[in-house]
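Chains: A, B, C and D, in written order; residue numbering restarts at 1 for each.
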Amino acid sequence: MSLILFIEQALNGLQYGVMLFLMAAGLTLVFGVMGLINLAHGSLYMIGAFAAAAVAGATGSFLLALVASLVCAAFAGVLVEFFVIRRLYDRDHLDQVLATFALILIFSEGTRWIFGSFPLFLDKPDWLSGTVMLPFGIEYSLYRLWIILVGLLVAAGLFWMIGRTRIGIRIRAGENDREMIAALGVNISLLYTFVFALGAALAGLAGALIGAIQSVQVGMGEPVLILAFVVIVIGGIGSIKGALVGAILVGLTDTLGRSFLPSFFGLFLEPSSAMSIGASLSSMSIYLLMIGVLLFRPKGLFGGI
Amino acid sequence: MRKEFFLNAALLGVLLAFPLWAWSVDEPYLITLATRAIVFAIAGIGLNFALGFGGLVSLGHAAFFGLGGYVMGVLAFHAQTYTPVMGWPLVINGTKSMPTIWLIAIALSALLAVGIGALSLRTSGVYFIMITLAFAQMLYYFTISWPTYGGEDGLSIYVRNGFPGLNTMDPIQFFAICYAILLIVLAFVFAASRSPFGLALGASRQNEERIQAVGQVPFRLYLTAFAISGAITGLAGALFADLNRFISPTMFSWQTSGEIMIFVILGGVGRVFGPVAGAVLFILLEHTLGGLSEFWHIYLGAILLGVVLFARGGLYGMVAGREVAHD
Amino acid sequence: MTEPILDIRGISKSFGALRASNNINIDLRAGEIHALIGPNGAGKSTLIKQIAGGLRPDTGSVHFDGQDITALSTAARARLGMGRTFQISSLAMEYTVLQNAVLGALGHRGDVFRFFRPVMKDAGLLATARASLEQVGLEEFHDARVSELSHGQRRQLEVAVALTLSPKVFLMDEPMAGLGAEGSHRLMGFLDQLRHKAPILLVEHDMDAVFTLADRISVLVYGGIIATGPVEDIRGNPIVQSAYLGEETAA
Amino acid sequence: MKLRSILAAASLAAMATGAQAEGVKVGMITTLSGGGAGLGVDVRDGFMLAVAQSGRDDIEVVIEDDQRKPDVAVQLADKMIQSEKVDVLTGIIWSNLAMAVVPGAVAQGVFYLSPNAGPSPLAGAGCHENYFNVAWQNDNLHEAAGAYANTAGYSNIFILAPNYPAGTDALNGFKRMYEGELSGETYTKLGQTDYAAEIAQIRASGADSVFFFLPGGMGISFLKQYADSGVDLPIIGPAFSFDQGILQAVGAAALGVKNTSQWSKDLDNEANVAFVESFQAEYGRLPSLYASQGFDTANLMISAVEAADVNDKDAFRAALEAADFASTRGDFAFSTNHHPVQDYYVREVIQEGDVFTNKIVGTALTDHADAYVSECAM
């Protein structure tokens, strides 16, 4: 293995981590503020991707498609929050898991009913196509660099919002003590709707951004959802910082595991079994990471609650 | 109490009468359908032992369901091919005997549950949900890429394993076996729920401080409950494998964990008979809605949503009202 | 004076910069009620946790019945004979009164890992449970759920559950809190008798109760014991009055 | 639309008169809900089109959704055989579901006609006289890709597939025919969506070309990311990732890619021209590979129904073996293990107007059977 390949793979891991962060940020926010486990977060991701594909197909504009993904996912989020989710805040996790699992079924088949069973087309715009040369002679996809940038901007925006704005103060207060914030005269149900819509919009944006280089199809949300849960559990549920660190850890572990585990086993095993053992182990690597983290920190890396 | 008693009796009665009727009119598929409901019910009873009685929300019970299935698959595969399961350090041969397979499935599932539980019980709440899911996912990916027993293709065992004195390939006889096991499991869980262990476990779920103050360690109670829970679900997995004469990594998937949880919640968390009602309802829904439309998952989702939002406590909560204290 | 049953020797506990317990020595002897008083935030709950288990002191040791129990878990201490009642009722809320009492008796007997016999038909456990409930005056409420009980009744049940353990000492964290005048009065009469069964380490805010019941009093201020002695000594102790009683009466 | 009662229109009349003696009852178990539903829908539509075109009023088709779950498929097969008393089963898309259903079904005496999956055990030691595969053995398209790589002059290829049995079979099939060197061989996680790490490996490996087998959404993701990576080595793959149903989702990223298939919509034979036209007229979309396989499966069965009574198992089996039907692929015959002997073509992805589709640019293998024939005792 060459150093340059290692650096490139580390960059890939970072980029994958940032993609996961976009998805995990909304999930951890919703959990931190409302204490809600939302399995349907993956469906909002899917809605964002489908909305973007539909709008890009009709208008040809990628930026309009991104806007559409934000708006549609946020709108779906508000609807779901209003009709279903707000009845679940004071329920236990079990009811939340089942109800949002039911939402997955409804959203997935509803999307298939509207858009059909075949994957949709969504591509990055021309101005983000192609590659750029990085130092050390690494040729890297411009679009992937752009995703890293957007992801870091979103992270910065969230840190700013939570740390510096009035709405952020309310969110933090709500995390600590629901009754207190209600006593302060803040309209708590409006705050919750806002936070849920924000989380949904982030998921939708992630769906659109990632959909441009992946497959826009029904069921695209569930594998990402499980990864996002792994991320926020590693980071500590409710912590945006934890989500960012967790996402990057997961991204790096997965990417580097995939790239180097088979050749690592090749050092002392025959090639075919090295390949299969390496591949099996790398598909389990993030779960091993998560179990390892939880054994030493049962509330995740940044989980204080 | 009386309402619940009648509901239990009716449930068991219908579960027995329906296949007998199907047998008399020669509809073997309907017998198989009832058997499927029973096997799912046993899996749900297993989860309910940890989830309902101990408050341990495990989203990884597919690990035990799948392990039970693979115990059956691996033992039967080696018996069919006349190869030993293991040649060293001691020779273990395959078997086609159901009772042996059940015992091994129960023992290994309990052992796996002790391992997973000992690690997972360090966490609680959502972390516990996710760490149990992680263990099941690892087994899922492992079996997918493990070529010896078919990987993702799974493994077909063409003929059901044997039970002394019965023809297990005859649907009604296999049904009878499963029904008998259901009764035994229900009897055990019913007894355990009223036993000293049940009282202590329930108290631990409600208030860990309390159980410590009377001199007992919650961790031991939870771990025991988790092991029993895993063993029952593992037994269900072995039966499920024999029902289908087929095993595959799907048994380990998170959707399987989710479905087992649905049986429990649909029926009523913490009720001894809850998972039975839940599994029967789920099979009924799957069977009738599947014929309505290509998009039947939408209706299934809407019904599940309705149950969570408006029928708290599941079917049993709706019909039998609030749970009465066991005494 | 007899040998102390419970002997806390020089324990200290810090949380970051905060010294919650500062070289505390306190003991409990047969037949006495030893009251621990102190203003809010003095570190009473932290001290109780270190005695009952659940919090390990940084330094110092806890001796019980001649044995060093500093490293033992809460459950192990309970099995050795520490009966505890909590400041905030800590009961199995979904269970009935009788079930909670049976739970105590079962925990004490120790054969928890039995799966087949109905626990609520176990004559031995029921006898212990009923006797304890009768002592605290809850015999009329066997079948009531704890969640339906009044605040005072829950306090009584706490004591009853502790009784089922036949403890060698009682640790009681504010048992009078929230009781009406009549309830307090009844409980005081009961504790007065109870000390002959097993001595009581009593954390209490109700000064009337403390001065009526206690044989000895220790005063905890800012994590340290500033005085220990018989009731009259403490009542007359100028340091205590300025540091604590004065403040309390002013409040 | 009531699934359970999708009957070939005329069969209603047949039922009304009770005339069932000559007819055949078909059970179709296929994936109609969830992520992989597109393939099942195509197989079903192709199959039903052929049934309708046959004009026969004695073919009854019962259709059920397997949800892509093996245990559900097994239950449905039991139901179809035991309760519906079907004569012929068909429809399964996925190898793992086929492995779960087929051995048990054929052992109970029904015929199974596979419109898509062709796992190797069923072609070799596990072959059965009542099992017919009308699509291909799983390795076939990969073998064709290997053969094409030779003719294209590739000598240092990078190959990748998901880490599951069909993936291992794919790479083994490719290597069976390919004669050059491998610059790398990688197994990815099943369901993986991000391929940056693999693409970086390809770039670093010094390969002159890439072969991949990534069915469904995995292939779409890989192709889009590959096109975006600046690695411009030629790619070859089996038709699955370049099929009509998903090409539109890949878009320009797939243009020019060579893929191997036993069918293409521009195959110039009478049956195919009629099929493509009538499929488009009936369903308003271009037919896919899977639709052609469903169509051929139905026509094979119809040819057998016309030649023999399904209750006479031996005669019906002989009629199936004769494969006397006009296949959309042109020449079609069964090998002794009841798997196809057929030509495999090389197609190139092109754009016609706004539609992405394939055109044939060559033939990879002629009259090709499969590697497992000799293991089959039939």
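One rule holds in what follows: a contact is a pair of C-beta atoms (placed from the backbone, for glycine too) under 8 Å apart; a residue touches a chain by one contact, two chains touch by 3 or more.
Chain identities (UniProt): A = Amino acid/amide ABC transporter membrane protein 1, HAAT family; B = Amino acid/amide ABC transporter membrane protein 2, HAAT family; C = Amino acid/amide ABC transporter ATP-binding protein 1, HAAT family.
As the structure is a prediction and not an experimental result, all values here were calculated from the model.
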Completion exercise
If chain centres are mean C-alpha positions, then the most distant from chain D is chain C
Exercise for the section: Could you put a whole-Å number on the gap between the CA centroids of chain B and chain C? Expected result: 44
Practice task
Could you tell me the distance, in whole angstrom, between the mean C-alpha positions of chain A and chain B?
Solution key: 32
Completion exercise
Distance between the CA centroids of chain A and chain C (whole Å) is 50
Exercise for the section: Measure off the straight-line distance from the CA centroid of chain B to the CA centroid of chain D, and report it in whole Å. Expected result: 36
Problem - Touching two or more other chains - residues of chain A - result: 108-109, 112, 276, 279-280, 283
Practice task
Would you mind listing the residues of chain C that make contact with two or more other chains?
Solution key: none
Practice task
Any chance you could list the residues of chain D touching two or more other chains?
Solution key: 33-34, 37, 163, 187, 189-190
Handout entry: Pairs of chains satisfying the touch condition
Key = A-B, A-D, B-C, B-D
Problem - Complex contacts: residues of chain B adjacent to chain C - result: 188, 191-192, 194-200, 202-203, 206-207, 209-217, 221, 224, 323, 325-327
Problem - Touch list for chain C against partner chain B, complex - result: 52-54, 73-76, 78-79, 84, 86, 90-96, 98-100, 102-104, 106-108, 110-120, 122, 143, 145, 161-162, 164-165
Fill in the blank from the handout: In the complex, the residues of chain A that touch chain B are 31, 37, 84, 87-88, 91, 93-95, 97-99, 101-106, 108-110, 112-113, 226, 229-230, 233, 237, 276, 279-280, 283-284, 287-288, 290-291, 294-295, 298-300, 303
Handout entry: Touching residues (chain side chain B, partner chain A) in the complex
Key = 51, 57, 59, 119, 122-127, 129-131, 133-135, 137-138, 141-142, 144-147, 254, 258, 261-262, 265, 269, 295-298, 300-305, 307-309, 312
Fill in the blank from the handout: The chain B residues in contact with chain D across the complex are 27-30, 32-33, 36, 141, 144-145, 147, 150-154, 156, 158, 171, 240, 244-246, 248, 250-251, 290-297
